[in-house]
Amino acid sequence: MSANPVPGVSPDSLVEIRDLVIGIQRTRKDRLIIVDSANFDIRRAETLGLVGESGSGKTMVCRSLIGTLKRRSASIFAGSIIFDGLDLANLDERQWRPVRGNRIGYVPQSALTGPNPVMTVGKQLGEAVRRNRKRKDKDVRKRGMELLDLVHIRRPEVVYDQYPFQLSGGMRQRVMIAAAIAQDPDIVVADEPTTGLDVTVQAEIMKLLQEIRSEFNMSVVLVSHDLALIDEVCDRLVVMHAGTCVEVGTVPDVASTPLHPYTIALNRSRIDIATPGAPLVTIKGNPPAVGEWPPGCRFAERCDLVQEDCAVGRNPALVEVRPAHWSACLHTELLGGSHG
Amino acid sequence: MTAPTPTTDAESALKESGHGDGPRPQSTGEKILRRTGRAIIVAFWVMVVAFMLIRLSPGDPVTAALGGDAAPETVEALRKTLGLDVDPLTQFWQYFTGLFQGDLGASLISGIPVTEMLRTNLPVTLWLILTTVVMTLVISIPLAMFIALARIPGLPYVFRTLTAIGLALPSFLVALILLYQFGLVWGIAPIFGYDPTFPANMQYLWLPALVNCVVLVPVLSRVLYSSILDTLDEEFVETGVIRGVRSFRFFWFYVLRPSLAPTVVLLSYMMGVMVGSTVILEIIFALPGIGRELVTAVTMRDYPVVQGIILVFGILVVFLSLLGDIVASILDPRVKLT
Amino acid sequence: MRTRLLKVAVAGFSLALIGVVLPQAAANAATGTNCSIKNQLANSNCQAVVMATVSKIANLDPMKPRAVTDYQVAYPIQGLLWRFDENLIPRMDLVAKQDVAKDGLSVFQVLKPGLKYSDGTPVLAQDVVTAWQKQVEARQSAAFFAKVANVVATSPTTVTWTLKTPMPDFNWLMANQSMFLNPTEKLKDSTYWSKPVSAGPMKIQSWTPGADQMVQVANPNYWAKPKVQQITYVAIPDAATRKLALQSGQVDYVFDLAYQGVQDLDKNTIKWWAHALPGTYQLTTNMTKTTLPMYNAKNRQAVSAAIDRQKVAKVAFFGTVLPSCAQTFIKGNPYHQCVLPNDGKQDLALARKLLAEAGNPNGFSFDTVVWARPGWPEAAQIIAQDLAQVGITMKITVKQDTVAIADLNSGNYEVQFSGNNAPTPYLQLANWFGPGGAWQNWSKVNDPALVAAIDALGSAMNPTTAKNALKAANVASYNSSVHIPIADRAVISGTRLPAGLLSATIPGEWLYVATTPLLSTQRGPAGFNTGAKS
C-alpha cells in the first residue's frame, strides 16, 4: 500500500483534479454539495472512463472541465483542476475562452438536442472552426468539409448545408464530434455521447472516438453509466458514487481485481455478461440522495460486506491499494477472491 | 479495432432519423399554395355565413336607413331601389357572380362601392395590425429575455401577476385610460385622426397599438419566457458556449431563434383575434379603418358592406395564420408547414 | 453581453417612441387668439374651427338616405329660402319677400337679387321647383309635401306655391333639409353629389365621399358673411373620445356628449348645453293586442299617473331635459300648455283610482322593449320602479335600434320605450296619431276625434286658433294615452367657441353658423306659423 494519497500522479498527467468540491449556492448560507472529493488525473492520449449511476456527480465533473457549471447554477467551492499550469477551477469567463473549445472539446450527451436545430451543420461547424476569429468563408467551408470527412460522413457537401433535423442521430453525433475536434484540442469530453442511439450506431460512434483519439493524440474523457462500454473502449476508469471517486485504475486492473464493492456490484448488474436465464442482478437500494449523504462510506447502506466502522466518521479517501489502482473502500481485504 | 463503418448517405439517414418519410416532400412553395387554396375555401364559407347571418338577424337596411318615422310607401320605394325586393337566393347569386368580376357591390347607404371602401379603409387596419405586431415583438422579446436571463428572485412572480392583470383588462377600458393619460394629461398622443402616409401615420397608430400590446405582450412574453427557459435547458446552448459563440450571435442563434416559433405562431393566431379588437380601437381612436365601417354597416344593415368586410376579415385571419406558420418555419426548420 | 443587448433594445425602443411622440406634443396647436367661450361673438376671431361629428360623412344627396352627420354638414352649404337660426326659428335666407294669400292657399316668394352659387351659377326660381320635384320623387318629408299642390317659377326670381290646405308650418318646410337648392342643370351630372356647389354660407373645399374629414370654407357668393372662415369636420364615433378631443383642444365643437361626465368639463374653457329636441320620450302601446291590460285606456292613464317624470329627467338624463306635461314637446313650442293631470307630476292616488276603475286594483303586468341608447334603459328602470308602487309590473328588454324597429314593424311588441321628434307640434302629433304616420302605423291607434283635433291644428291660420287647437289635440291625446309622454328629448353639445358661433340647432339635422348680419335679423312676415315667434 502506498502512502501517497494522491492518485494517478504520473509524468503523463495532462489534467490533475484534486479534492474538487462542486455544489449549488442556494441561498447565502445554504449550499447543496453535489460532488465532494473528486480526485483523478487525465493522462495524455488516453481514453478515461467516468462511470457511475445517475446523481453520482459525473456530469458535474464533466462540466467543470468545460467551464459550464455556472449555466446550471453550480460552482466549484474547493479543490483544483490543473491543466497545463492553469487552474481551471479558478478561471473567469474571459480566461475560459481560449481553453474551452480550443483545448478542451466537448461532445454533448444527446444527439437529438446537441446540435443547434436552427442552424445548418455548416454554420455550426463554421463557428467551431472560426472561433470568433476572422477567417475567409471559403477556408471555413473547406475546413468544415475536412472535418465532416474525418468523422466519415459520406457526402459532406450535402450534409454541410443540411439542418440537424434532416440527419439521423448517428450523423448528428458525428457532426458534434467534428465540431468538438475542430480546433485540435488536447482533450475531448464526451458526456454519454450515445444516449438515445441504437446499439449499432452506438458502436460506430465509439469506434470513431477511438480512432480520432489515436489519430490526433487526444485524450478522451468518456462519461457513461455503462460499464461494458467503458471496458471496451477505455484505458483507465474512474468509478464515482454519491459525489465521490470510489475507485480509480486501469481497465484491466479494475476488471480483474475490482477494489470497491460498488464496482463489483456494477459489474454484476451488467447485462452483457449476465447468465442467460438467470435473474438480472441489480444493486440493492438507491444511491443516497444529493445532500442527504450518510456519514462514513456512502455505499455502506447498500454494501453486502458492510462493517461496523464503515458508516461512521468521514467519507473515506482514495488509497493506492495496488500500484496505480486506488480505492476508497476501508475493507479491501474482504474483497479478495470474492470476484474472479 | 475495426475501421468505423462509413455512414449511410443522406437518404437512408433521413429514414433512420424518422424524418421525411413518405412520398417526395413538398416544397415550401407548394405548401404555401396549398395553404392559400384552403384559405380561399375558408373565405368562401365565411362569405356564405356572413350573407346568411346579416339577413337572418332582425332589422333591415331600409328601416335602419330611414329611421323610425318613415312612411310605408317611402320604405317600399327604397327597398326596390336597393334591389332588396328579390329573394335572398337571387341576391346571393348576384353577389357571388359579382365577386368574380371584382365587384363586391356598393353600400346601400352611401352608394360607395365596397372595393372603394376597402381601398381607403383597409390600409388603416393593416397598418394598425402591423404596428401592433412590431410593437408587441419589440416589447415582448426584451422583456421575456430579461425575465428569463436576469434571474432576479421574485421577478417571475411579479411578471406573472402583472400579465394576469393585463389579460383581465377589457381593451376598451385600457384604450380610454391610455387615451386620457397620453392624449389629454401628457398631451403626447393625438386624440383622434389619421394620416395615410408612412411614417406620419405612426403618430396616430402607436397608442392604439399599445392598447393591443396590453393584451398581447403578457401572453406572448409569457410564452416566450417559458420557451427561452426550455431552450436554455437544451444541450446545444452548451455547445454554443463551448464553441465560444458570444453576444448577438449567441442570443439570436442559441437563445432567441430556437425559442421564437411558438411565440410567432401564437402571435399570428392572436392577431386574428385582434382583428376583432381593432374594431373597438378604430372607434375609440377615430381611425378610419375597415373595422369601424363594419360596425356602422352592421347597425345600418348595409348588406354588401358587411359581406365584403367580413370576407376580407376572414381572408386576413387565414392569411395571418399562414404568415405566422411560414415565419415560424423559416425561423425554426423543425416547425413543419402543414 | 446580456446587459448590452438589453440596453440596445431599450434604447432603440425609447428612441422610436420619442421620435414618434415628441413632434405630436409640439404640434398641439391652439385655435385663433380671440377664440374662446369668454369672447363675445361680435369681437371673436375664430378663423378655422374644428367640429367633431358622430360619424363620417357618407352622402350629401338629399334623395338618398342620410345619417345625422350628413344632414349636419350639409346644412351650412345648403341653399335655402328660409334658414333656422340657433333658436330653431325659421329666418328669411335667400328669399327677400314672401306673401301669403288671404285664404292661406297660395304663397308668393321673391328671391334676393343677384344670388349666385359658389361656382358663380345664378340661383334661379326654377331651382326651387326642382328641389320640390326631387323631394316628391324621393317621397321624403311626405307629410309636409302632401299639403303642396304645385310649385311654379313665375319668373327667374319669383316662385308661387299652391297649397291644398293652409299650412302654418310652411316656413319649417322651407328651412328644413328637404328644400336643398342646387343648380337644376348640374343635378343631371351623376357625380354632382361628390362635389356639390353651395348657395349657403359655407362651401366645400375638400371632401372625398366616405372620408373621415370635410373642410368647408366661407362661401364668398353668399349674401351674408360667415363669422368663421373655415370649418373642419372630423368623425369621432366614440362619445368618450369626443369629450377627450374637446378637452384637449383638438376640436372646438363637439356634438353629442355623454350625459355622464359632462359636469366635469372645465368651465373656464368649455361650455356645454343640452339642445332640446322638438320631440318626446314615450311609452307606446301596441293596440292590436286587444286582450292585454294595456289595451284599456284607464290602465294606460294609470301608468301615466304613476310615473315620476321629474325623477326620470333628473336621474336618467342628468337634468338635461324637461319632464313632459303634455303630449307635444315643451321647449321651443310657443303654444305649449300642460294638459296631463297634476301637470304630469307623479300622482299615485290617481293611478290607484284609475286602476280600480279599470278593474285592476292590484295592478297588472306588461312587457316593454327599450332601445339601447344612452339613458333610455335607465329611464325605463325608473319607470318600472314607479309603477311597482301601484302594483304594476313592467318587464324590460333592452334591444338595439334596428331590432326594436323590426319589432315595431312586425307588431311583435306590447309596449316600447322610445323617442320621436318632428320639427313642429303639428307634425309630431300627425306622425303619432294621423293616418299614414309612422307611429300610428305601428301602434294601430285609431281615434277619429284625435285626428280631427290634429287637422284643426294643421290648418290654424292664427296663433290663437293654433294654441287652442294644440290644447284640444293634447287633451284628446291624453284621453287616448296610446303614447304616454315621459320627457322632452335633448342632446348635449360642448364648445370652446364664443357663444352662438356654431350650434347644432336640432341635433342630427341642422348646423347653424353665425353670419354678419345675423340670421335672427332676417324676420319673416308675422302671423303665419304656429311654431315661431318672429
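Think of it as A, B and C in the order they're written, each chain with its own count starting at 1.
Keep this in mind: contacts are C-beta pairs under 8 Å (C-beta built on N, C-alpha and C of every residue); 3 or more make two chains touch, one makes a residue touch a chain.
What you see is a predicted model, and the numbers here were worked out from it, not measured in a lab.
A.B. asks: Most central chain by CA mean?
C.D. replies: Going by the distance between chain centres and the overall C-alpha centre, it is B.
A.B. asks: Based on CA centres, what chain would you say lies at the far end from chain B?
C.D. replies: Most distant chain from chain B: A.
A.B. asks: Based only on mean CA positions, could you tell me how far chain A sits from chain C in angstrom?
C.D. replies: Chain centroid spacing, chain A to chain C, equals 88 Å.
A.B. asks: Using mean CA coordinates as chain centres, what's the chain B-chain C distance in Å?
C.D. replies: 40
A.B. asks: Any idea how many Å lie between the Cα centroids of chain A and chain B?
C.D. replies: Spacing between the chain centres: roughly 50 Å.
A.B. asks: Can you list the residues of chain B that touch 2 or more other chains?
C.D. replies: Residues 246.
A.B. asks: What residues on chain C touch chain B, complex-wise?
C.D. replies: Against chain B, the touching part of chain C is residues 1-2, 4-6, 9-10, 12-13, 16-17, 20-25, 28, 52, 55-56, 58-59, 64-65, 67, 138-140, 142-143, 208-212, 234-238, 240-241, 244-245, 247-248, 250-251, 400-403, 405-409, 418, 420, 422, 431, 436, 438-439, 441.
A.B. asks: Show me the residue ranges of chain B that touch chain C in the complex, using the header's touch definition.
C.D. replies: Where chain B meets chain C, its residues are 57-60, 63-66, 68-74, 77-78, 107, 109-112, 116-117, 120, 138-139, 141-142, 145-146, 149-150, 176, 179-180, 183-184, 186-194, 199, 202-203, 206, 246-248, 250-251, 283-286, 288, 292, 295-296, 299-301.
A.B. asks: Taking the touch rule as given, give the residues of chain A at its contact with chain B in the complex, in rising order.
C.D. replies: My answer: residues 66, 68, 71, 97, 100-102, 105-106, 108-110, 113-119, 123-124, 127-128, 131-132, 152-155, 158-159, 162-163, 165-171, 174, 176, 179, 204, 207-208, 210-211.
A.B. asks: Which of the residues in chain B come into contact with chain A in the complex?
C.D. replies: 1-10, 13-14, 16-17, 19-20, 232, 234-246, 253-254, 257-258, 331-334
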